[in-house]
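Two complexes follow with chain A in common, the first pairing it with chain B and the second with chain C.
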Partner chain A sequence: MEKTLKKEKFNSLITGLKDQGYKTIAPKKDSNLVMLDEVQSADEIHLDHVQTNNSIKEFFLPKTEKILSYRIEKNKVSMEEPEGFAVKTVVFGSRPCDAASLPIMDKVFNWDCTDKFWVQRREATTIVTIACDKCDNYCFCTSVGLAPDSKEGSDVLLTKVSDDEYLVETVTEKGEKLVESLGTVFTPADNPGTETLNRQVATVENKFEIEKVKPWLDENFVHKVWAEFSTKCIGCGACTFVCPTCHCFDIVDECTMSKGDRVKNWDGCQFKMFTLHTSGHNPRSTQDQRWRQRIMHKFKYYVEKFDSILCVGCGRCSRVCPADMNISEMLEIIATEESQPVNKE
Partner chain B sequence: MIEALRKKAEELLRSKTVDVIYGYGEGSTPERTRPVFITKPEDVNKLTWNKYCVYNLTTYLKRQEARKLGKPAIVVKGCDAKTIIVLIKESQIKREDVYILGVTCNGVGEPQATKCKACDIHTPRIYDELIGEKIENKEISFEERYAEIEEYEKLSEKDKWEFWQKQFAKCIKCYACSSICPLCFCDRCIVDKNQPQWIDPSAHPRGNLSWNVTRAYHLAGRCINCEECQRVCPADIPLNLLNKKLAKETEKNFKYRAGYNIDDELAMATYKEDDNQDFIK
Partner chain C sequence: MENIYKPYLMNISDMIDEAPGVRTFRLNFLNEDEGKNFQFQAGQFALYSVFGYGESTFCIASSPTRKDYIECTFRQAGRVTNALSELNVGDTIGFRGPYGNVFPIEEWEGKNLVFVAGGIALPPLRCVIWNCLDLRDKYKNITIVYGAKTVADLVYKHELKEWNARDDVNLVTTVDPGGETPDWSGKVGFVPTVVEQTAPSSEDTIAIVCGPPIMIKFTLPVLEKLGFKQEKVYTTLESRMKCGLGKCGRCNIGCTYVCKDGPVFTAEEISKMPDEF
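Let's turn to the complex of A and B:
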């Protein structure tokens, strides 16, 4: 039977989750930003935005986390692994693009070695997505095979059907269990059938033909467009850190002579230090090579290795870029080049 | 004004006075511009000028990718021009290395950037060519120029500590603040040095505090208040508050404003035999 969630029930939803021992993450206003963050009550939830400033990734791959502690004694080294990092959590109100990033990232975190931090958090978390009822110029989910109401990665999908009501669609067993466990928070639709018709979903313009991108990348590792497009890049890590699918990290020891913590931190391919060798040689010595790497990794290497595009079209990288580097514009150039090849230099 | 800018840019490129123009072009949305690098006279129509030209383009003087294009003419507002003075004084560039295309400015940003609210340099104090009607640079009192930090200064030490702890907790260590800063020009930043590890690279409270405070300290007496660090911060940390406070202390104690007069001696890098403080001798 079709179910809906009324806004007036948000309070019982949050209380219900709390009673069941869930930590709830939801969009929250923080001065000029809207951030996915832990909420204690429904009043804190903010839904009048296109996109949260932070992505969903930090709840699975935090910006910094201790992966082990060690102590060096006379003839032995003792190690202690962190526990309790996977907390039973519901992410409520994240966008379909964010949810879609999770199964894409599962592939790399379950690849040659299983990243227990990612995997256990994934198991402990239920994703309740709200379909987008609005978008902006930076959104391009439809160009990468997704949609403002995609179900990929969500356990439950909510779609606005009126100002104070959402249609509830359970996507996975996990989602079904959650909806069931909350009982009367969800109500049977007043007029079954009509809600499906009144779904308020944004229209996201299709900006480029994704099928044209990889063939061009296959042929154009060397091309003048890389440098032309990226002279303005200042080499910071803002794009990679706000990206829900960028997952590079660095491991550092924060230590004294006798003890220390091994820490995993976000890292990004746009930093010149990222590829600097101890010899002093840097295989990606200029910014155009680093920019090319970002595009190649997302639209060629990851596709070849994992059969997925490493981009969900959320547009965050372009929104935050200090120099207005716009990734969908780069992909439009690539798709156009592939359609009408011009002389290469 | 746009026409005058394009005409001058074209002339500079045609006469080979410069190889490239660092200017503003149309951005992703009408409310945004972006840096453009014009090397061909026929491309000067890509240059624009409007209230969204917030960037301080002098930051590209430190980028090898831009420097590779040859001698630049840079479109600078009054505030941005101060950077060039500091860069000359700190021996990073020579005056003849850049052609300064000064633009007169009545403020940028929508809503208007904080830096514009007490601006006394609508017309750059250094330029090779001035584009736009000259606007008289009226004197603005010391108090008025630092009015934006008054509220902050009133906080108790404890409240200030709490305020910054909360702000720095948001830091994601993307280094957009230092990457955009035209005066953060070290080839290898202290945060990238790990023998010893002066600053923890982790985005935890200790790492974030040491990074953000060190960044601000390295700009003490140098920051020209272009506010670019604050504009680009994806975590919305009011970084310029720190810069502004340090600038105020510098001006109060040394009667020095970074980049204001090309003849002024640097507050932090001037040695004098007859210094009246003993510790420096």
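Let's turn to the complex of A and C:
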């Protein structure tokens, strides 16, 4: 039977999850930011926003995570594996674009060999998404094949149907089990049924034709647009950190003399050090090469390797960019160039 | 579930200083079972770690035909290799691998081989050279052209002598002009020039080239001029790497991931890659 979730039941929802041993992540106000973060009560949940400032990825690929501990005694080394990193979790109220990033990222962490840190966290987590009832000019999910109410990657999708009620759609078995386990937190939908409910879903304008992007990238590794567009890039890498699909990481040792951890840290292709060889040689020594790498990786390389675009159109990279670089503007230029080349040298 | 980032623990059982700042370690698995089950092929690489300092990527420099140990040769250059060079026989290091693709030495059977290496790039070829020498009957003529900046910079000096003494190996050594000593009996000149003078006929011959980018850049056209088809010329690339497993996202040249699709490529494959080496 179709169900709805009333806002007044948020309290029992969070309590119910707590009782079942779940850690709950939800959008939470943090000074002037809205961050996905652990919440203890429904009062902390903030839903009046377009997009959380952080993406969902840190709950699966933390900014820094231990992948090994070691101890050195005299010259004997012993290693210990981290445990307990995959905690039973519900992410409540993330956006459909964030949810959609997860099956895309599953591909890189599962292909060839499995990164258990990603996979086990994925298995332990249930995603309850809330469809977007508003958007801003940075949003471009519809241009990359998604929508403000996409179900990709969600276990449960909630859609606002009135100021205090959400329609509940279970997407996966995991989602179904969660909804079932919470029992009366959810209300059976009134007759005559959900089709009459007024789903409040934002309209996200389509900004470029995605099918034009890869053909252009295939032909234009060398093109003046790369340097022209990226002149203002300061290489801060903020775009890669807020991105739900940027997954590049570094591996470093953090230690005292006798013990330490080997940790995986977020890294980003916009940093000069990212590809710097010990010899001093750098295959991507200029910022336009690094900007090209970001676009190419997302819209060509990943597509060829994994048959997915490595972008969900959340727009965070452009919102956060201190130099006001806008990825969808770049993609608009590319799609336009593909149709009617004017900049070709 | 297995932790793909967990290294094997290896004991440094021997070491030799090859050249200023260049050292070879002989490594043995601390866990004998891991050692017994470990297999690799010529051309593959690994991540070597000093606990507390991190991991560094370089090739396995010994041949898979020598099953009792693994050897690696490194130049003291960065944080990890400096820490490695502080270690002694009996110390423990971490080792993750083998990763990457291999030299197709079975396809080369019955052919002539010419190996061309410059400087610290002999170690990746040493693995496949010994592999082929240990299966000597399977290959026709074997030529090795090896050059370094100076006589002192030549690595594996003892093995160069050994190869020189063999009548089934044609070894040509060279040093850059100015790098020779009074008693130097090898050639003086840059590798591409020496290759042009000494390379065997390209007929039925495979060329395997490894060296600094500048050497590769000038050697490939020489080989082409000598009639080597691009698909008969092999090289092994290096890139900054962190995972070695196609996940950390930095070693790609266009769509090609050096860690998974390489490090071994033919000159033909390289010619199709974007210019981002």
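We take it that the second predicted complex is superposed on the first by the 331 of 345 C-alpha atoms of A that agree within 3 Å, B and C clash if a C-alpha of one lies under 4 Å from a C-alpha of the other, contacts with A are read in each partner's own complex, and residues count from 1 in each chain.
One rule holds for everything that comes next: a residue touches a chain if its C-beta (ideal position, glycine included) is under 8 Å from a C-beta of that chain, and two chains touch if they have at least 3 such contacts.
If you're wondering where the values come from, they're calculated on a predicted model, not measured in any experiment.
Enquirer: Should the pairing of chain B and chain C on chain A count as a clash or a fit in the superposition?
Expert: With chain A aligned, chain B clears chain C, so fit.
Enquirer: On the A-aligned overlay, A:Met296 touches which partner chain: chain B = first, chain C = second, or both, or neither?
Expert: second
Enquirer: Determine, under the contact definition given at the top, whether A:Val320 touches first (chain B), second (chain C), both, or neither.
Expert: A:Val320: touches chain B, not chain C.
Enquirer: Of chain B and chain C, which one touches more residues of chain A?
Expert: The partner with more contacted residues on chain A is C.
Enquirer: With the two complexes superposed on chain A, say which partner A:Val252 touches: chain B (first), chain C (second), both, or neither.
Expert: Both partners, chain B and chain C.
Enquirer: One more residue to check, A:Lys232. First (chain B), second (chain C), both or neither?
Expert: Touch partner of A:Lys232: chain B, not chain C.
Enquirer: Between chain B (first) and chain C (second), which, if any, makes contact with A:Phe92: first, second, both or neither?
Expert: Touch status of A:Phe92: no partner.
Enquirer: Output check: A:Cys113 vs chain B and chain C. Expected answer is one of first, second, both, neither. What do you get?
Expert: Once the two structures are laid over each other on A, A:Cys113 reaches chain C alone.
Enquirer: After the two structures are laid over each other on chain A, how near do the C-alpha atoms of chain B and chain C get, in Å?
Expert: Result, nearest C-alpha distance in the overlay: 5 Å.
Enquirer: Do chain B and chain C land on any of the same chain A residues, and which?
Expert: Residues common to the chain A contacts of chain C and of chain B are 250, 252, listed in rising order.
Enquirer: Where on chain A does chain B make contact in their complex?
Expert: 30-33, 53, 63-64, 137-138, 227, 230-238, 240-242, 250, 252, 254, 263, 265-266, 268, 271, 273, 286-288, 318, 320, 322-324, 326, 329
Enquirer: Can you name the residues of chain A that touch chain C in the complex?
Expert: Contacts found on chain A: 67-68, 70, 72, 75-77, 79, 81, 108-109, 111-116, 119-120, 221-222, 247-253, 255, 257, 260, 262, 264, 267, 269, 274-279, 281, 283-284, 289, 293, 296-297, 300-301, 304-305.
Enquirer: Going by the contact rule at the top, pick out the chain C residues touching chain A in the complex.
Expert: Checking each residue of chain C against chain A gives 1-7, 9, 49, 51-55, 77-78, 81, 90-92, 94, 212-213, 238-240, 242-243, 245-250, 252-255, 260, 274-277.
Enquirer: Could you pull out which chain B residues touch chain A in their complex?
Expert: For chain B paired with chain A, touching residues are 27-29, 32-37, 55, 59-60, 63-66, 69, 170, 172-176, 178-180, 192, 194, 197, 200-204, 207, 228, 231-232, 234-236.
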